[in-house]
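Chain IDs A, B, C and D follow the sequence of writing; residue 1 opens each chain.
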């Protein structure tokens, strides 16, 4: 069956990945309420169909995160992508560059920033968390600058790991018994294509960026432990001064959901914020990103660029986010699934489908330019405000 | 099991048609949200049951689209009906004529307008899209006039094709591999009755009306391509002057959902509009037709006839639409399914069931005449406004 | 498994009755929206739990339909009960009498009024529709009086039969092919207990009350036809004068849902009304009875007794109805299922379960007497008004 | 598969317990509407995610029910816990003590208060109902004092047993046929681990506390009967004087849902109340505890400690309850399932998971102390008020 949409890539990813890996990508924290709402709240937003407006020249291009983009979309930082496809971050970065959208490399990537930067020609964006060891952070920021990064995305909603039931069940996190190890081995062996292509030929599977900071080895087993010890829950707005000092480039804050936090972000002079609940992977029970968005947009009142992520699965969803106050969106699982399904080619195809969907949706709502999309594209009585 | 309702015809159609064809009729665009809402929003409207009003003489007849009709219902333009039953458009047109309701021939019909017109005695209605090649359009309008058409339905919400995931998966649209072709062949061969009756004896399967304009052949494979190249997304309200010039007859605009667009339709002097989201096949995320209807009716304020389509599956639904401000409704899938299930006889039976349902519903809500049905037939606190 | 509630009786009835009969009892008209809402709207009403009120002497007894009753519940008129159990109406009437609740004999009963009246000692209530043949009606009313009936229930919402999809599919209504007849025979033969106990030994299966008026035979096959010809859709409030003239006893109007109709009922001096949508068997799309009830109660303002039926499945539901403005409720399917499951004994057990549930619910909401149950027994923010 | 959450313990409990026992724990009264709402209403409450607040020192400890606790959680009184694991009350009490949370021993426990008290070092809390035989009550209170109990929990919402359909079906309540007995024996024999470990080695299975008052034997079979005869539905607020007289210690009222009842509780000087619908086991149709909570908290206005139970399944839920006005929560099924799944070790693990979840949730909503959690932790437009 031909691939038609993100959900189809998800189905393929489910077939190709060992179960525990698929669950890692697909799942969220706790009962996965926020995860579900990210998607279902978007679907509730009704768009105004308009007719007989000249839409023979619809353009999705715009400026986002300080650069020209082919559409108001970027690839979100996704950890461990090197496990979904061989050298996954490289493949995805190439697909993004070819499609004209920014790629944000995760701090927790398998491929180190140097490897990924070398494989594309335009500057990457780099995502980092606040780490207790500030010497490591300074060093990491230096590496990023050296790799040509101009824009730093600070993820502020992952000061600690939130319980994810699926990962606990699969013992991706938590202690492992021998039985658990055997079960996982069976899952791997029953996906021989993945086992050979990614498991064997895609090595090494370390956290390329953190390796220097993880003396006990940068393998995945050590990672969660390291996070709990090294992520910094004491960080406050004042600590951003330190970041600002070591990163003179563009600064984006990822993981803001609340209007008051958004106002603080304006105060500290962030270039952009990303309204996000980490794809439903941190605080379960948090509102969906699309529900939080209009409140934040209202508070920010144009003083800062606003991106949003969480639940975007189609070009229609992109339009919904723009109409709710975003300047652009990030795609998380959409590209992770496409990558797992078909590597660079999958990500390219996914971006092309999304671009086409966005164009058609713009045309049918009577918009020729991204900048024209505003709140009046939504039916008032279905808004979530 | 005897047939009781439209849903039963749908089940039979599913059994009779090759899978990819059934999906083409049944499906909608993207995630099919609007498709679902078309039906579910109708069901939410609660009707006021009234008793002890003399309803011994309930009449469903009225005037619609400029002619006397047995009930406020017409058959919507449906493309490719010649694939659901042998010379399907002819069979449906005959059933409609016998039942006293208008039949709107789709521009994308298999049977050319001349063939269908010759098989009935009353004038057909004809539906057309705005085509870039105005010479072809002028020619087509001439053919329509020659075939006795008095009322032209201009579909304004299909300026381009919207992605339909089911059709992409079945490769009805998009590129086909050999595997895809084989899979479709298997689907056809596993429906031998259809294969012989429609597939072989129902030929030719071309787009009868567009054939003159499609030099590369008017087969189905060429159609989607041709649409993308020839449908005109640059059309604006001003271009209607051209249509008006070449079509002095009655003009109906199909595919209006927004009150502002409805007001423009009043301004340009359209005889009627059809509040429609193309059966959930164009802008997914658009409101259901029944939700849009009262806003449009409010804006139009009686200055123009209003029809509505999308989700009508019973006589109760017809009453709901009338109570929400429509003068009449179109049936889309209802007749397509009935046609696929049982040809002309199926369409006749479906119309008879609907007529009976509407009569009973009128009686139980205390209405003897269609004209008496108004907003007070609905329970106020369940309305969608 | 022991029987715990009405739903359990329903499951047993489904096992015991031939499919087409179960569907006749269980089903509703059209898409069965109103049928579902009758039940689900009741469940949405939240009750206020109260503690530490002396409820050592909870009494469910009250006065209803002009007589002392053990609880504010009566058995609704149900047609064809003689098909669910042998001489079903007699069995149910006996169970009702033993339990101290009124039994309303349907005009469309299998057992004639004389047979049922002879089997119990207290007066029956009798239900009738408006029949065109007023001579027959006068005669029927005379028979009722002779059988000791004091209260007449005029059903006003069945002036014609509404399409019921399940019955059409099973060809209980509509034309029958030989195949249909065979399918039904298979259903009967696969329920040999029913076939012997009810099908053979429960004969004759005629409409005992209508037999004199149906010259072509009072069998079931003739009934629907006869209804369509003889039920009187021309009836208005003025025609009640005729009834009043021939029936000096207590008069109850069954099938009122609208506040305006309720006001008319007050005007014509009805003793009671039954807020009802005929168990979701007539106007599908009509509001649930519990949703209509508070509006009607508000309009009536105590000037008339108000009963309600539709969806009552437990003692909790009885309390909800009382708190929403009813003086009592009728049980429809609840007793039909219990009768089909276990005859007189089943109905007795069902009534006992309901009585217990009502007592407990009264105690836990702090009510010792039925008369004390009012609107403040409901949580305000969950009401349907 | 490793255990990740309460739902996983539930699945294990379902596997380990004979069906009728699992149903006893899992089920609720009537149609189980309130049971479901307890859980689903909690999930609807959306939490405000906050970032960049120093949460490096999150403390869940607080004062509850008059003592220092490691988190604002206590184990609710659960009857018959000795049937879910061998000497179940002892195991659970030990786990609670080790985790630093209070254990409330049910009056209907299998293990007598003396046995449980002897197995832990800190004072137990003891729960009692109002029993008609005041001499027994006085005696029981004396035993509690002797066993070191300082806090008495009077359950006021169980003045009689409410019908629980599952227990009626399994004939745990109601009359038993030989068939029923055999069915239950089969269920036991198909769980041999339970049969041996709990059924045989966990004896005696009597109601340890009530044994002196049940001359006919304190086995389970006699219990429901005894309840119906001895629980006191005549109790009013005035009768609390008697309790106050015989219990000078701390008094907690469990089972208040209504703001007016809460005000009475303030008047009589109760130390705390527990907003509860008995886990959906008494008045079905009552609002969920979380829905009732803010109304009660509003009425109490800080004059009394407020706990809440019903539906708490995670640390997120604890936070939701605190944000809705509770000072703490009780866990019911959460510990019963954990106990059935893995005895004392299961309860310990469950409490540890919950503690971790609460800590993370506090951190991600920006709270370092339990006392800081207030109404502004909830998104206003999702509140249930």
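Rule of thumb we're sticking to: contacts are C-beta pairs under 8 Å (C-beta built on N, C-alpha and C of every residue); 3 or more make two chains touch, one makes a residue touch a chain.
Chain-to-protein mapping (UniProt): A, B, C, D = L-lactate dehydrogenase.
Here the structure is a predicted model, which is why all the values come from computation and not from measurement.
Touching chain C and chain D at once is no chain at all. It takes 90 degrees of rotation, in steps of 5, to superpose the Cα atoms of chain A onto those of chain B.
Taking shared numbers over all numbers used, the chain B to chain C interface scores under half, which places it in the different class.
With centres defined as mean CA coordinates, chain C is found 42 Å away from chain B.
The mean-CA centres of chain A and chain C are about 59 angstrom from one another, to the nearest whole unit.
For chain B, residues touching at least two other chains: there are none. Taken together, the touching pairs link the chains into one ring where each has two partners.
On chain B, the positions that touch chain A within their shared complex are 30-31, 33, 156-157, 159-163, 165-166, 168-171, 174-175, 180, 232-237, 239-240, 255-258, 260-261, 264, 277, 282-287, 291, 385. On the side of chain B, the complex with chain C involves touching residues 1-5, 7-8, 43, 45-56, 58, 313-314, 316, 319-320, 353, 356-357, 360-361, 363-365, 379, 381-382.
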